[in-house]
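Residue numbering begins at 1 within each chain, and the chains themselves are lettered A, B, C and D in the order written.
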Amino acid sequence: MNRLIQNAPLKGIIPPLVTPLLDNDTLDIKGLENLIERLVAGGVHGLFILGTTGEAQSISYCVRRQMIEETSRINNKRLPLLVCISDTSITESIKLANIAADCGTNAVVSAPPYYYAPSQVELAEFYLDVAERLPLPLFLYNMPSHTKVNFAPETIRQIAENKKVIGFKDSSANAVYFQSVMTAMQDRPDFSMLVGPEEITGEVVLMGGHGGINGGANMFPELYVNLYNAAEAGNLQEVRRLQRIVMQISTTIYTVGKYGSSYLKGVKCALGILGVCNDHLAAPFYKFEEPEKERIRQALEKIQTAL
Amino acid sequence: MNRLIQNAPLKGIIPPLVTPLLDNDTLDIKGLENLIERLVAGGVHGLFILGTTGEAQSISYCVRRQMIEETSRINNKRLPLLVCISDTSITESIKLANIAADCGTNAVVSAPPYYYAPSQVELAEFYLDVAERLPLPLFLYNMPSHTKVNFAPETIRQIAENKKVIGFKDSSANAVYFQSVMTAMQDRPDFSMLVGPEEITGEVVLMGGHGGINGGANMFPELYVNLYNAAEAGNLQEVRRLQRIVMQISTTIYTVGKYGSSYLKGVKCALGILGVCNDHLAAPFYKFEEPEKERIRQALEKIQTAL
Amino acid sequence: MNRLIQNAPLKGIIPPLVTPLLDNDTLDIKGLENLIERLVAGGVHGLFILGTTGEAQSISYCVRRQMIEETSRINNKRLPLLVCISDTSITESIKLANIAADCGTNAVVSAPPYYYAPSQVELAEFYLDVAERLPLPLFLYNMPSHTKVNFAPETIRQIAENKKVIGFKDSSANAVYFQSVMTAMQDRPDFSMLVGPEEITGEVVLMGGHGGINGGANMFPELYVNLYNAAEAGNLQEVRRLQRIVMQISTTIYTVGKYGSSYLKGVKCALGILGVCNDHLAAPFYKFEEPEKERIRQALEKIQTAL
Amino acid sequence: MNRLIQNAPLKGIIPPLVTPLLDNDTLDIKGLENLIERLVAGGVHGLFILGTTGEAQSISYCVRRQMIEETSRINNKRLPLLVCISDTSITESIKLANIAADCGTNAVVSAPPYYYAPSQVELAEFYLDVAERLPLPLFLYNMPSHTKVNFAPETIRQIAENKKVIGFKDSSANAVYFQSVMTAMQDRPDFSMLVGPEEITGEVVLMGGHGGINGGANMFPELYVNLYNAAEAGNLQEVRRLQRIVMQISTTIYTVGKYGSSYLKGVKCALGILGVCNDHLAAPFYKFEEPEKERIRQALEKIQTAL
């Protein structure tokens, strides 16, 4: 099975799944099944769970474990499965990785410990320790707005000397930075360079990046797959056409709320309206009330017309 | 026992204990016993565990639980015991609080969820939920450098309408902010106003604050207790004299390393040299090597002369 | 005249004067006269012009020059006069300093160039250059929220090796930082340690600092002078009583607007209502409209009752 | 002449010229002539002076004025000329714009006032005032790392209702943000969308942006012109080939120094070595010493081989 991703680099659209919840402690398993079937049908290239979009930090370890097991069961090895093990405790991270390995997933993904902000030297030392102890290949995950630390390109290079480290996901939105990492890793064609924000998947792939871990694909998997394919094929006109819809989603669904949580609330609310899964958000966030829901509903209608 | 802190406000020096470790996953129980006896003998007014100084986020839940149980056992109700339950998951926080309650501790302390940064509205809603479910009184803990969010004074006021919320610890180092919270809470004389950074405990108490949760007290409990007493008594000359030693510690022991982790490394290294406990730090940090250790040794000698 | 401040350290309340304006380019000279007489009558220990409260960066060089000349004329050497020469161009800074010297002012004050953020090494080199070329003694001014750079305590020490550098104003609000600078300069009893935010003048003076450059003194000079005197005398009870009024001002007058400009708008609006000077603010800010003005009016009434 | 840019949108590579200096107050006019001839010969699409790369904030108004006059004279209307008038004082900004108009330049560019950080509401009001008073068309310039404020896409839209506002330069490096502004302005095909960092000019143009204000074009104008042309033509293979050289410059020339000033120092040092102009930097920066200069020399050699 690991062949699926050891023919590195992993490429394409790998949606970061929301974690469907009935309440803070109960997985919405029916919703998760719907979601995965929707994604498989939509042609995505892999599944990524327990990331930022997956509210992993807000749910208990018990639910995180269950999410790994259930996703693995439902996916049934149809798609490469990546499990995010970001944690502030190395011990808990490794435990999650072992669970992931036991469930037959393909790789793990890790953002830096996010309470204490380590220096670059500490970060390198930490990840060399982590990689040593991991049962699976590792993607590094850059998420400075949440972790308060940015992987220096040179640090990534240093960590990737351990061949278990097979890729990088950047959610910084900083395209200069992404290019710097591309440059630092240019002699490693097997190293997967993926981007978080869907608003820049098109351009990243045009420039030689490998794909996107794009939250919007929870709602509209084909759109992002088509965008990826158009970019991969160098079809600029089609990229720009699809980009307009991607931006329509970004500037409507993700901006209904007033806070940083708008994106998460918007995606879950939309999935609820689309009948995919429950729209419950784990604390410290709370789902949209009816007025916001109505705005999401209207935005969805316009997007479906555009699609 | 809870009388000890329900005669609010809690006052004095409540050291945030380091978590003595033999390795990432093993508590140094003998070291913990030494540390607690040192603190009790030093006259401190309470114990605070699993805070930032206690590396709580870096150790596993299993070790966190053990730290609560062992501290509780060793303390044996001699001093009020506060347990920090900060976590990104409300479920895990409540679990820790229940363990703390079962062990007979007096109160819990919580900093905001530190992965997703909630807005003030979400923060208030979150803590009103948390307080509802807690088996023990709650101190709010402001730590914006690590959590990326600052409690607005009005948010604290709003949360403290739940009478379980009995105090506030501020580690922002922003003295204007501290005064704003003092003002927001001025009609609540029972509400405990404590400060994190020991460099400002003197002035905070002079202005009417109630004390400090000061990491340096792990090493030199009497110094901080004397500083508190001098400030409480309005003895300015003595406050300034002791402040010079506090600043000597701050500008030597805490500045040997090059990174943000210097403080943690310095305290643990010093405790190792003083024979109190092991100097192991949990990942993503690593203890000082010999050259830094030598600088800590020399700094300690000068401080002991000054004391 | 320079005796007034060369018997360093300069102590007490030195209000940072607003720049009274009729419009963006016209000084309200009558208003400036009223303001200065009010301050002299209020017993302040010096005058500070063209700082952050003085909107120096928003007005033209022509008006800045006129402000120096007029203040100097009206003050007529009654009080030590400090002129802030902060600029992004060293040439323009030195020009302003020469104008200040020609007008017989006592010292200049400078915050780091605020467009490009220099490193500590560059900052030290820059200020050693500046000091060399200055015709007057220099106070360093720390204002990280506006300049994006913090003077490291060691950098201050290094710059102050030039004996023209006679003091420091800190507007960081970070009391730990202020104590670190106090410690770095502890062998320089002639070096003046002043604080910007009036909310912490009391505690800073209690801990051995020398006074405050407090914007609220534009409105209520006696209040801040009394606070300073009480702190200097170690009268804790009186400090705390006055502090409550200082905080009442801070949490009402300065919080009427929604943006960072609330403080500036509040002070100028209050001075307008008190009949001291015009309430015009230079672009990019704009004075309060009637609804906000009414709130300021009501806040002023309550403060005047408390005084 | 203004036809040149009123056939909006302005497109292509418009280098932000360094300001060649003999010392802090003396323009290196011969150097400026060399530089402009080099750029014209290199095929660039316009000239942009007194921006961040031009150290405008560090030089006096007198030198800024001279830079406008000399550039205008040397250019002699061969290329569209844009003059950056960013200042903290609206009065000084308008003065610079009037000088620019008198010299026959084509447009002005303005970043928000950079001492006080205005809110979005204040920013919109400010720029509507500015636009009203300007004698020339205006480009907005987003430079949040230096100005502490980001133009919200909606604010740009609002300001651009004044038809004098004809374009936008974004130096945030945030590609998601750039796409959001593209979307906000999508019904304004005449509005020029330009990017600052050369590391992303390729992808921005591929996605429909109009070009780059790229500092590296001071050194190698043809490279960036070729990159622009390849992107404009949709020649992905050539874009990627040239991008590798762009990144080589970015990761060598711009990273020799240890501070944020590395980029400025690197460009000026390289221009000195290439014999274009003097390598003096205005305070608070200082030119490279021999060891750094040697590293720049070696980097240049490798780049010239790659070209």
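By our rule, contacts are C-beta pairs under 8 Å (C-beta built on N, C-alpha and C of every residue); 3 or more make two chains touch, one makes a residue touch a chain.
Owing to the predicted nature of the structure, the values given are computational and were not obtained by experimental measurement.
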From the centre of chain C, which chain's CA centre is farthest? A
Comparing A-B with A-D, the busier interface by C-beta pairs is A-B
Let me have the rounded angstrom distance from the C-alpha centre of chain A over to the C-alpha centre of chain C, please. 49
Whole-Å distance, chain A centre to chain B centre, using C-alpha means? 35
For chain C, which residues are shared contacts with two or more other chains? none
Using the touch definition from the top, list the residues of chain D that touch chain C in their complex. 24-25, 52, 55, 57-63, 88-92, 95, 112-119, 121-123, 125-126, 129, 146, 148, 258-261, 264, 282-286
What residues of chain A sit close enough to touch chain D in their complex? 153, 173-180, 182-184, 186, 197, 199-200, 202-204, 206-208, 234, 236, 239-240, 243-244, 247-248, 250-251
